[in-house]
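Okay, so subunit A shows up in both of these, paired with subunit B first and subunit C after.
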Partner chain A sequence: METRTKIYQNIYQDSVALMRISATISDMPGIEQASGLMGTTTNLDLLLESGLLDARPNTKPSDLLFVIKGKPEALDDAFTAAEIALAPKESSESSGGVKRLAPTSLLGALEEAPMANLALISTPGEFAAAEAMKALRAGLNVLLFSDNISVEQEIILKKYAAEKSLLFMGPDCGTAIISGVPLAFANVVRQGNIGIIGASGTGIQQVSSLIDQLGSGVSHAIGTGGHDLSKEVGGLTMLAGIHALANDPQTKVITLISKPPAKEVADKVLAAASKTGKPIVVNFLGADASQIKGPHITAASTLEEAAHRAVALDKGEAADFTSAGPDDLGINERSKIIARTIKSPQRYLRGLYTGGTFCYEAQLLLQNHLSDICSNGPVGNAQKMTSPFRSEGHTVIDLGDDVFTRGKPHPMIDPTPRNERILQEANDPETAVILLDVVLGYGSHDDPAGELAKTIGAARTSLKGSGPAYIASICGTVNDPQNLADQKAKLEAEGVTLCASNAEAVILALQVVKRSQQ
Partner chain B sequence: MIIRAGIGFEGNWQGEIHSTYAEAVNVCVRDSDEETLKTLIAGEENIGERCLALEKRSARHLFARLKPGMMVRCDQLGLHFPKTGISSLRLTESQKDSWSSPPPPESILINDLSCKFVRDALQKEKTNLNALPLRIAAQTRFDAFVEDLHSHNKPDDKLLAGVIGAGPGLTPSGDDMLVGLCCALHGLKSSLLESLAVALRPHLGNTTLVSRLLLKDALRGSFHNPLIQLRNVLMHDAEPAKVCAIFHQATSIGASSGCDGAWGLLNGLLVFHQPHPSSMFRLEDTNNCYH
Partner chain C sequence: MKNIISDPLNVINVGLAKFADPFVAHSVPVISCQWQPPAGGVAETAWQLAQITNNPIVEAANEIAFSRYLEANPILTGVGTAVDSIPGMGSKQILHSGPPVAWRDMCGPQQGAIIGAILFEGWSSTAEDAQKLAKNGDIELTPAQHLNAVGPMAGIISPSMPVWIVKNEMLGNLTYCNFNEGLGKVLRFGAYSDDVLNRLRWMADVLAPVLQEAVEIMGGLELKPLMASALHMGDEVHNRNAAATSLFFRKLAPAALQGSADKAQISEALSFIAGNDHFFLNLSMAACKSMLDAASGVENSSMVTVMARNGVQFGIRISAFPDRWFVTEAPLVEGLFFPGYTGADAAPDLGDSAITETAGVGGFAMAASPAIVQFVGGDVAQAVENSRKMQRITLGRNSAFTLPMLDFAGTAAGIDIRKVVDTGILPIINTGIAHKDAGVGQIGAGLTAAPLECFTQALRALYYNLNT
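Now for the complex of A and B:
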């Protein structure tokens, strides 16, 4: 490795711009490190102390110093790249046009795009409420991706939005599709007649993707944020969404998705939904289905059922699809084949989820069939894990939980933490099945199945072909940036058993585990 | 197009564009041996004595056409950009801003809740900031300098030399933190500001022009309005929403400068709001006791 420095005069870039240029250069082949700094005496001292410089260059404080360490043959290209990045960009005004600079504030952006009618806000929590109010005051509908705003603030914002006839999605709203435009973590689904309102991001993704796969389409998918159906907030966004979809001529069927709401909120939501006169599919995951009733209302017990029933209603068919249960013949045939690869002492199911709602749904589906399920986010009969980093018996983990993501990207964005956990579980001789979700769409990793397949391949190699069975479902569409078909092919090539939905994957995994215990 | 001109912006001068950014343009003015900096900013209000605030949209179009080295001239009629084909900006009396950096507040108090909010908010920014090269080293050195200044009640020259010009950016982080510290000492009416000025002056040549001029302003008690506003909420009662908005505004300056200045200010206020024991008794009072 060699360290080379270059001095640039009269070039001034802010620290973040310099960091971006340095990061780009550091990623070039053969380059270990790159840094751009003003050539002050102190900075030179610090670079000498850190070992990045071995001699003091002759700089003035106003000089920009670029230091690059790497293979000698790579340094020329790296400095060329640095010079291109540092060169002042010619204003397009010189050729008659007007240079467009990215706006740095919400109102600045609105000046640039005065026809915009929706603001997507993602800022640290402490600024989110103020930015959201600013957007509402400017007459914009809001998708608030940020979390950590208080319930009181949420209520104020939602009531203000309602007064102004604006839609307020969030806080902590990770998914929406408005008029065919995916917002935040969302899939590319065809436009159609089914409107979705959901308090769960991955829930909306699963239902909208399955609707697309089943040949129908989505008019709008409205995210409410996770607290909307609490007693305090009272379902303000879900009610506003129902009102909006009731008045939307394109929407013929409405699907509601949530964890069980507070009783009085559920009653209010179901009454409002019935009043629309449109067919309504309701999936309150884990709620007592007998309580979900009313004119035009069809209850669904899984996300998969919600999608199938909505599509049937859209096509004017009977909405009688039921997710496969443990007695399903097809599932049992498949489980027999997979169970042949399982050997004693393999007997436990390990669910490693990136989608929180999938983890939740899995526990609900397993709770009556497996005793002693543990989770970091226990539901129903499941027990809280002693440590989220060590599985005990049958374990279902939400790897998107704060305990795993503090200071790190979500595992849908960076699959590394889950891949590490897969290796850990695969090496546990008691693991019979590893159950997985793969979420495609905007916001997710570029190639989640590819990364997963590599990890599974590595695990199989290290265990000399033995180890647990892998069962997965992929939430996505062929039009997603990652392409559903390509992603499926990568996992199938590694011997992963794929299912059409999370519900199906859970039941298949359950049956394999039960057979391994016989 | 012009919103407000600061009290130190107007007058007859001629300078050269030093550096340009999306939201600001620095103009360096040299009169005999004295260098000063005038700054054009895109914003709804003026932020400093030597600043000229321009309506955002027009400012961005103008700033995109300005380049380092271009000449800028200011006179009673307005601002001119000779030989560039860019139209002059007319400056009327009504646009002259009477705002000047205020004197220290009457009462010396610290609002614990606001300080906690700002400390927590800065902590959240830390991950991004610390990715900047030498940022951690600059803050470590600054914190050590402040601690030593508090312990010994006088600036340690060697430690100070290690802070000035340290870290990333056109105004290196160490310098921005020192500006924040000056703002704290000024607000606390601490005599340490004078000692710091004496100790700092010989080192000013070791940093960038923009930093040097901002430090000179700070040593004479002149600060950007957002930093002053932040000091006000850290020292007096304020609604949480106001603290949040002002913090956001103060830390939006530059790429990392705002956060670094806020850190210097907060650290300075927290460390020095209780004076060093030796300052509790004035020498003449002590003498009086003995006589």
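Now for the complex of A and C:
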């Protein structure tokens, strides 16, 4: 160890700056201690006391003194570093501080954007209610994408929103379209006269996309979240949505989408809808159609039917479209052709869905025609699967279920898990038809049909050209980032039979399976 | 009323960044925030916080508290002996910094300083006896803040010590602070050697009368303009008081020279002040305390009125609860050390001087004093950023204290516990570092931050007050 002292004349450095430089030098390899000080008597005393110096050097208070103790071979580098640090510096570009700090909280963001009128919240569920409450209290409308909010919190939030005449969409609201702008998982849909209020994200996506495909447009699509029409919540958001669309001059027709609500909630919602005086199309998936009635109200039994009937009402035509049933001639012709590719023992339907509402609708449509359906989310007469990872008989699976998505992205975002499942089902000699949905729009994967086509191609190759039939519907529009036409072409090139809607795809798949069993 | 059905969308995106894409594609204004879990990740507290944000009762209370703080005009009106000047101070009482703490739990410097004060008062003649006296509970130990007083580091004020007397002209409230002894071996770092005691005696016998008379001749001194000038001269009036001390000296010297004291004593007094860059600190603290006491006691106000440390615990008080402390373990200070010392020698954060940050100067005015940020190896831009960051946790700005580096914007002032808990941005404090053993003195300086736990405790208390 060696201690070396250097004196620099007429350099002034603030003691703080010197401490900082000293700390840096002390950390250099081979250096035990470094100390830079102005040569005042007090400072020299300090150096003597600390034992770094044993004799008082001859310095003036204006001299800068650097004392470094360390291995002899390390000292030169240490002094060079010290001298570089002591040299006067150019002021850094950001001095004077024009650097802008990004806001780290919702209220911080609001301070920067005081004109904001909507908060889109997708934080982890345990904090989401708090973020939503802050947004409401700051006078913002809210779309709460996050789920796992308690019913108590949902009610507090919705009552507060109602009191302040703010629109609160959610919790667990995956889809909305406001003035043509898609929010979260939503499609780019032409602007028009049809307003939608839906408790189901994929339900809204199916109806809004079909409306676009049929040449009409959507004014606004409001998502309520899945629990809104429960007895506890009482349809607070749906009622607020009806009120908003009633007052919206752009909206000429209103479409309501939900699973069957609690009876008293349904009554309240239908009464409020009737009162708007605007034509109302109601699809309470699986509800008894005779219960859906009232002035201006038209019931629809599928999402497809809801879209068609809303478009008809918008165009001033008769709202009499009915989704194809098993007796439909066109369906039967198509099923005959597909069934030729099916050989014994292929006899089962396997529905692999990314959209929960499509899975739900499929079971409703199948329940009166197939007696032994299994699902991980059974509806009607369907049975709960023994294991969601193994299909038995006719099986319809919601791959967006928690059991598949825990700690993983949703299959609409990452198609890998469904593609793996397709291979598994294709290799099952009993699989006759694989029924699929493809959901486009913002939020979804960039090229879901492309990924799907690759998988189906791989399955066919490994089975040497045989294997099940593939029937799919694509939910989307030509203006979606993925482009409906491109996505269709990719699946058709792999021999996938495409249907205009999920309802149609389900019935076609049903008929193919029935033929395979004859 | 903000209506998204009738008016064009304008969005704040909180959470998944990807959700901003469609807005950008459709030319809808969108601002994304780099969201972090609030309330230190405790969901229940986050929910309580949400329910008291934009609460009309709290907002109205804060408006009152904050305007009292802004309007306060602290004036140095005199110098007196603690026991005669501070209402409620007993003749066998010693005031200390930070939240309440028992003798046995006190940190080394605070114990040392109390021993020194006992010797100074002549209640014991040896350190051993003084220690026994303190241990037996014969001396009443009280946080200075309970009696509207503050003190840096150990913050010791004993009955015969001289104190500054500062009066808020607007409300008439009085605050007190002891005198600054300089650097090195001093009582506030727990030293009680003969030099230290002799200096204290000289301060009481010579310095105090000279200053008392000078203040009288000046007819009082407005402290805010002086602090404001110092902020334009490189001080942040907590860790740097070189400019403020000079400005004070300029006001004081002519008045002192007119005093009746012996010329040699006046000369000694002025030399003492001229030789201590930190002399103004204690006046800065008394002034800050004055402004914050004015804001204290407004029911349901979430404004912080005290941040203080005793070397063991860090405590805050808020306007709504003027008599309650919200405390947690005192943090260690991140900083640079004098030659021969390391972090292992340091006492945890200590002293009432964080009253300066509470009042919007010190760490909150770091942009005024870029050199301070170098304590943690930062640069000028970082000093500016720190001052800006503090704007996110305060009720407003104090236009009496402007920052040239921020285009003369007022300093961030009036810490709102709700904003601290929401953003997780902690109030920055510039501070000296004391050796953990009594009497060694200052061994470094650096930056620390007020711990979040104090703010979440205060938030829960305010929530219950509003909801029960």
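FYI, the second predicted complex is superposed on the first by the 416 of 518 C-alpha atoms of A that agree within 3 Å, B and C clash if a C-alpha of one lies under 4 Å from a C-alpha of the other, contacts with A are read in each partner's own complex, and residues count from 1 in each chain.
Criterion: a contact is a pair of C-beta atoms (placed from the backbone, for glycine too) under 8 Å apart; a residue touches a chain by one contact, two chains touch by 3 or more.
The structure presented is a predicted model; accordingly, all values stated were derived computationally and were not measured.
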| item | value |
| --- | --- |
| Subunit B versus subunit C as contact partner of A:P124, first or second or both or neither | both |
| Contacts of A:A244 with subunit B and subunit C, given as first, second, both or neither | second |
| Which of subunit B and subunit C A:I297 touches, first, second, both or neither | neither |
| Partner chain in contact with A:S35 - subunit B first, subunit C second, else both or neither | both |
| Touched subunit A residues, subunit B compared with subunit C | C |
| Which superposed partner A:T104 touches (first subunit B, second subunit C, both, neither) | both |
| Which of subunit B and subunit C A:L46 touches, first, second, both or neither | both |
| Touched partner set for A:V403, first subunit B, second subunit C, both or neither | neither |
| First, second, both or neither for A:V478, with subunit B first and subunit C second | neither |
| Touched partner set for A:M19, first subunit B, second subunit C, both or neither | both |
| Subunit B/subunit C common contact set on subunit A | 14, 16-17, 19, 22, 35, 42, 46-47, 50, 91, 99, 101-102, 104, 108, 124, 126-127, 130 |
| Subunit B residues touching subunit A - in the complex, by the definition given at the top | 18-23, 56-57, 60-61, 63-65, 67-69, 117, 121, 124, 127, 131-135, 137, 161-170, 172-174, 205-209, 241, 244-245, 248, 254-256 |
| Complex interface listing, subunit A residues touching subunit B | 10, 12-19, 22, 35-38, 40-43, 45-47, 50, 61-62, 88, 91, 93, 98-99, 101-102, 104, 108, 111, 124, 126-127, 130, 407 |
| Subunit C residues touching subunit A - in the complex, by the definition given at the top | 1-16, 18-19, 21-23, 25-26, 28-29, 31-38, 43, 46-47, 49-51, 53-55, 184, 336-340, 367, 371-372, 374-375, 377, 379-381, 384-385, 388-389, 392, 405-406, 419, 422-425, 444-445 |
| Footprint of subunit C on subunit A - complex, ascending | 14, 16-17, 19-20, 22-24, 33, 35, 42, 46-47, 49-52, 91-92, 94-97, 99, 101-110, 112-113, 115-124, 126-127, 129-135, 137-141, 145-146, 153, 164-167, 178-184, 186, 188, 220, 244-245, 247-248, 442-443, 481 |
